[in-house]
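The following pair of complexes shares a single chain, subunit A, combined with subunit B in the former and subunit C in the latter.
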Partner chain A sequence: MSMRPVNIRFCGFGGQGIVLSAIIMGTAAVTRRNLYAVQTQSYGSEARGGQCQAELIISSQPINSPISERKDIIVALSQMALDRYLPSLREGGTLIYDTKLETNLHATSAATIPVPATETAISLGNQIAANMVVLGFLQESTQLITREDLVQVVRETVPAKFLELNLKAVEAGRQLAQGVKLEV
Partner chain B sequence: MKKFLSGDEAIARGAFEYGATFAAAYPGTPSTEIIENILPYKEIYAEWSPNEKVALEVAIGASLAGARSLVAMKHVGVNVAADPLFTAAYTGVNGGLVIVSADEPSLHSSQNEQDNRNFAPFAKIPMLEPSDSQEAKDLVGEAFRISEEYDTPVLLRITTRIAHAKGLVECYERQEVEVKEYKKNAAKYCMVPANARKRRVFVEERTRLLSEFSETFLYNRIEWGDKSIGIITSGISYQYAREVFGAKASYLKLTMTWPLPEKLMREFAEGVEKLYVVEELDPFLENQVKAMGIPVIGKELLPNMFEFTPELLRQKFFGVDPASNPVTEVEIPPRPPVLCAGCPHRPVFYILKKHRVPVMGDIGCYGLGLQPPLEAVDTTVCMGASVGMTHGFQKASAWNGVPRKVVGVIGDSTFFHGGMTGVADMVFNNGSGVIVVLDNRTTAMTGHQPHPGTGITGKGEVTDEIKIEDVVRALGVRDVQIVDSYDLQAVDQAVRHALDFDGPSVVICRRACALLKGLPDLGKAVINQEQCTRCHACLRTGCPALVSHPDKSVTIDTNACNGCFVCGQVCPVGAIEKVGGGERG
Partner chain C sequence: MLESRSGQRVLTGVHFMLGNYAVAEGALAAGCNFFAGCPITPANEISERMAKRLPEVGGHFLQGEDELGSIYAVVGASLAGAKAMTATASAGFNYMQEGLGYAYAIEAPCVIVDVQRCRGENFATQSDVMQMRWGASGDYEAIVLAPASVQELFDYTIRAFNLAERFRNPVIVMSETTIALMRERLEIPPAEQIEVWNRKYTELPPADYLPFKAPEYGVPDFAPLGKGYHTIYSLNPHDERGRIDWDPDVFERLYKRITGKIRENRDLICHTESYHLDDAELALIAYGSEVRPALDAAEMARDSGMKVGVLKLATVWPVPERQILEVAKQCRAVIAVEMNIGKYAGEIERVCAGVCPVHKATRNRGLIHAPEELYQFIQGVWA
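== the complex of A and B ==
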């Protein structure tokens, strides 16, 4: 499989599982798809509830810099993060945002996809699984990794007591992506 | 087996695969995750030491005992450990000894920015620099090999982007390495002048041999591309250069960056038309190239501070402005970090501000005590500095005829790291400073590592808890008070008493970090809107759980509130109630 590098940025509040989402997707790409991936993040003395973002690049070729200027896909789980990181979306890129946001899209000309991630997670029992809804959505809409890859890495990563919730959230996210195809 | 690992995780994996049986560290960003990921290996003894100097000393001891040993620290930690480092360079090793220095260009979580590559020539030890997670793991093996073959500690130098970025790492089984036999050898290990003079000569000869090794070291390599531009680079800068220039330049990727492969560098320089050095921070490689008499462009083009990015290189090399985004432009206000909701440091700073005394700060979350509205901290220098500075500030003031009280604030882990000797000094020299120990029962800033006062080791074993009150009493402090940080009145009274006391005084403000796991549920604070006069006294605590609305009303975000009830204690009309939770433990 040959593909050009796909640059994804996950952003939101600390505690929303932003970094974990990037790590799960990257782990699936590297350990199960024979792809290359690099992941980095901003951090610092940002407390819980602070801003958080994680960058992930997936490619069929070795990757140099873990930092890239323009993203193909931005996943925003908070308005503040959307405000801050939307400028890093490349022309022709896609913004995936949680419908729970106040949703000021700043009249962007980019393709925008609303995903009711938090709402869906709440209906499944806990809003902390919103990131898993997004991961399910990304898996299905990009096919960068398979459903089995994602489920397997989620199984290996999340604590046992949240596993069932997280797997349901992944499935729900996949359902939300039915018919959505993101070119990568 | 492929894994998706950060540089720190890869170094931990390297310690495992290449037969280390010993590791030590004091936590510090961005190095903390190295030992955190070594601790679970049952094959490796690992510990959190009280500071980096001790960590290196125990690793030197372990190396002497024949164990492959790894010690990890952040860049400023190497300053603390410099004393043993410079003489371990003379004694050499028995089991391999690797010192990881995790530098932090851009000071994401540090008090300064320093380029620890300078330590390699300064201490006269070899240095390796990985460019990604795979190399980070592989180079642990190379470093152990070099250490044992050349009888030297080896510096493995990484930066934040290597430490914390994840990438593909091919992993293997552990190679068991036999622990070497210890033989008493005073001429080698006992650095008194007569022996050290001989080892001094050995060190120079070792550096000469390592220079030869560096010429053929496989990780130092030329990657020929377009020869009109040649780039000498190392570490993460190599990745950025490749990203920007691709095949339109040739590269000399240096991995052993001390001692340098002079012949290889000359060969590369002769093969290209225009030579550049791309390196973050100091002109470390550039100065060496220039000392060889080779013309090169480095810091005249690229900054000597802060992290690079591919974007920055494009801008500097091609004059491309950081493209304004064609899709959207957004202005956003900056949001500085604040103490967490329920942080036990907040009430102490709230009281200290009221007393209007100079407050010498220290390294930890409580550095945030400088932010408005608390603005309680006057200075922050380095681990443990608050105690010595308090003594010096107080003494100099009194000596020069402006007697005044001075307060130093220091965390529990920082107290064990570098505060104890300062207290001894204050007692010894008849000081009269007030030391407030912000005892939140953990090393909070770096993610809750245990320390000598927690009663538990890094491996999770129960151990004797060293009590700070016992330590300061043993050091001769007669006025020692212990209060609950959450009890504003008690903190106020204790501080007032300490300020009035003639002589050294210690106030231990004790309350666990609100983010520690397993704490009792303290309930939530709720504002009774009918009673609230909208005076905003509560907002002066600076708690992020308090939400101020345009109509001047204030509410409390119950998701963020940790139930410390400090806001309730400052409310002049008693409009804040506690809902739920048990008794305050």
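== the complex of A and C ==
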């Protein structure tokens, strides 16, 4: 499979599983799809104030520069992160954001997709699974990895007592993405 | 060598692994069985991983009370025959210089990982590059390897152990925040495909053994402490027997040998890689993570019809002079790329003096170069 590099930024606040989301997606791409991936995160004192962001590049070829300020997809789970990182979305890119957030996208031609990630996770029993809803949504809408890839890596990564909740959240995210197709 | 009691020493397979973890796995694959370190970001995940993994394979982990304690523990373990490593980050690397100087003088093989950081935090930099060469007092030659990826953090850590064993010299793995805290594809080969070198042990009984006897630029045979070989390991000038001797001839013979054993083997130690250099008129010379945007920039330049290549310095010290000079003779100019005020660029200027001009794409603001920035720099030089 040959593909152009896909640049994804996950952002939100600490505790939402932002970095974990990028790691799970990257692990699935590398260990199960035989792709290349690079994942970095902001790791300075500024991140301790609550903001958190992780970058993931997935490609069929080795990746040189680990940074890219033109993201194809931004996943935002907090208002502060959304406001801060939206300018890094490339023209024609896609913003996936939690429905509880407000966005003002007049300056960009990006596609915007509100996903009720937090709401869905709460209905499943715990809002901490919002990141898994988003991962399920990303998997189904991009097909960068398969459902089986994602489920398997979630099984290997998530603590046993949260596994059932997380797998339900992944499935709910996939259902939310039915009929949504993101070109990557 | 030590057998593993539980757990696997070599995690053969494809991983999506953190750079710091890849260093630990490389060390284990090379046969490391002792680690001592003191907590410091962004090197902590190396210690964390070693603390978990070393006991699984029959090795020993020590959390040092500080950096000096850690480096001396590593030296002691090495003298007892262990393959030993420590990891730290810039500010901690300062503290290790004394123990490091001792290790050079007594020819204790060991591996030191410096995960460079700047702005007092976990920001990218290559500003320790000169300290890694001659940070300690005394005359010696350093071997410093500069990985550019998670895969190379694994591969070069193995190579660091091999060179340390082969030359009885400390070897430094020059890591950086950029790659240490990055997750990336890592392929770990089967254990039997990994080349591992071990130091040469003496075959002589203690009565006949001279601990520092070696050819003019050679490496002495090793005898471990605790096995009846009562060697004095002194930082002071010492003769073949290890006795302290202040005679100028003894002193000169010693430092000429411990520097000569590295200098005379530069072809074995120095590794470089060439990209698009066959017909290049302009070359970027880079090491560590800066190789990555340099490669992207060279490809952008090629797409615009500029014949640009990249020389990657996998070994930073000793300077790969022959390889740099070859590029200088072929090109109209070279561009030194690094994340500091232009420290290694001075070495490139020295090698290229009178052959071709050296331009400097250097800066230190906690950020790796973007490919576009280097591309613009290339355009300026090309015109």
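Keep this in mind: the second predicted complex is superposed on the first by the 173 of 184 C-alpha atoms of A that agree within 3 Å, B and C clash if a C-alpha of one lies under 4 Å from a C-alpha of the other, contacts with A are read in each partner's own complex, and residues count from 1 in each chain.
Convention: a residue touches a chain if its C-beta (ideal position, glycine included) is under 8 Å from a C-beta of that chain, and two chains touch if they have at least 3 such contacts.
Note that the structure is predicted; figures quoted are calculated from it, not measured.
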Room on subunit A for both subunit B and subunit C (clash or fit): clash
Partner chain(s) touched by A:A37 [first = subunit B, second = subunit C, both, neither]: both
Partner chain in contact with A:I67 - subunit B first, subunit C second, else both or neither: both
Contacts of A:G26 with subunit B and subunit C, given as first, second, both or neither: both
Partner chain(s) touched by A:L86 [first = subunit B, second = subunit C, both, neither]: first
First, second, both or neither for A:V75, with subunit B first and subunit C second: neither
Touched partner set for A:G50, first subunit B, second subunit C, both or neither: first
Of subunit B and subunit C, the chain that contacts the larger number of subunit A residues: B
Common interface positions of subunit A, toward subunit B and toward subunit C: 23, 26-27, 29-31, 36-41, 43-45, 63-67, 69
Complex interface listing, subunit A residues touching subunit B: 23, 26-27, 29-31, 36-51, 63-69, 80, 83-84, 86-91, 93, 106-110
Sites on subunit A touched by subunit C in the complex: 23, 26-27, 29-31, 34, 36-41, 43-45, 63-67, 69
In the complex, subunit B residues that touch subunit A: 2-4, 108-109, 132, 161, 164-168, 239-240, 242-243, 309-311, 322-323, 325-330, 332, 335, 337-341, 365, 367-368, 445, 515, 544, 560
Of subunit C, residues touching subunit A in the complex: 14-16, 42, 121-123, 177-178, 181-185, 289, 292-293, 295-296, 368, 370-371
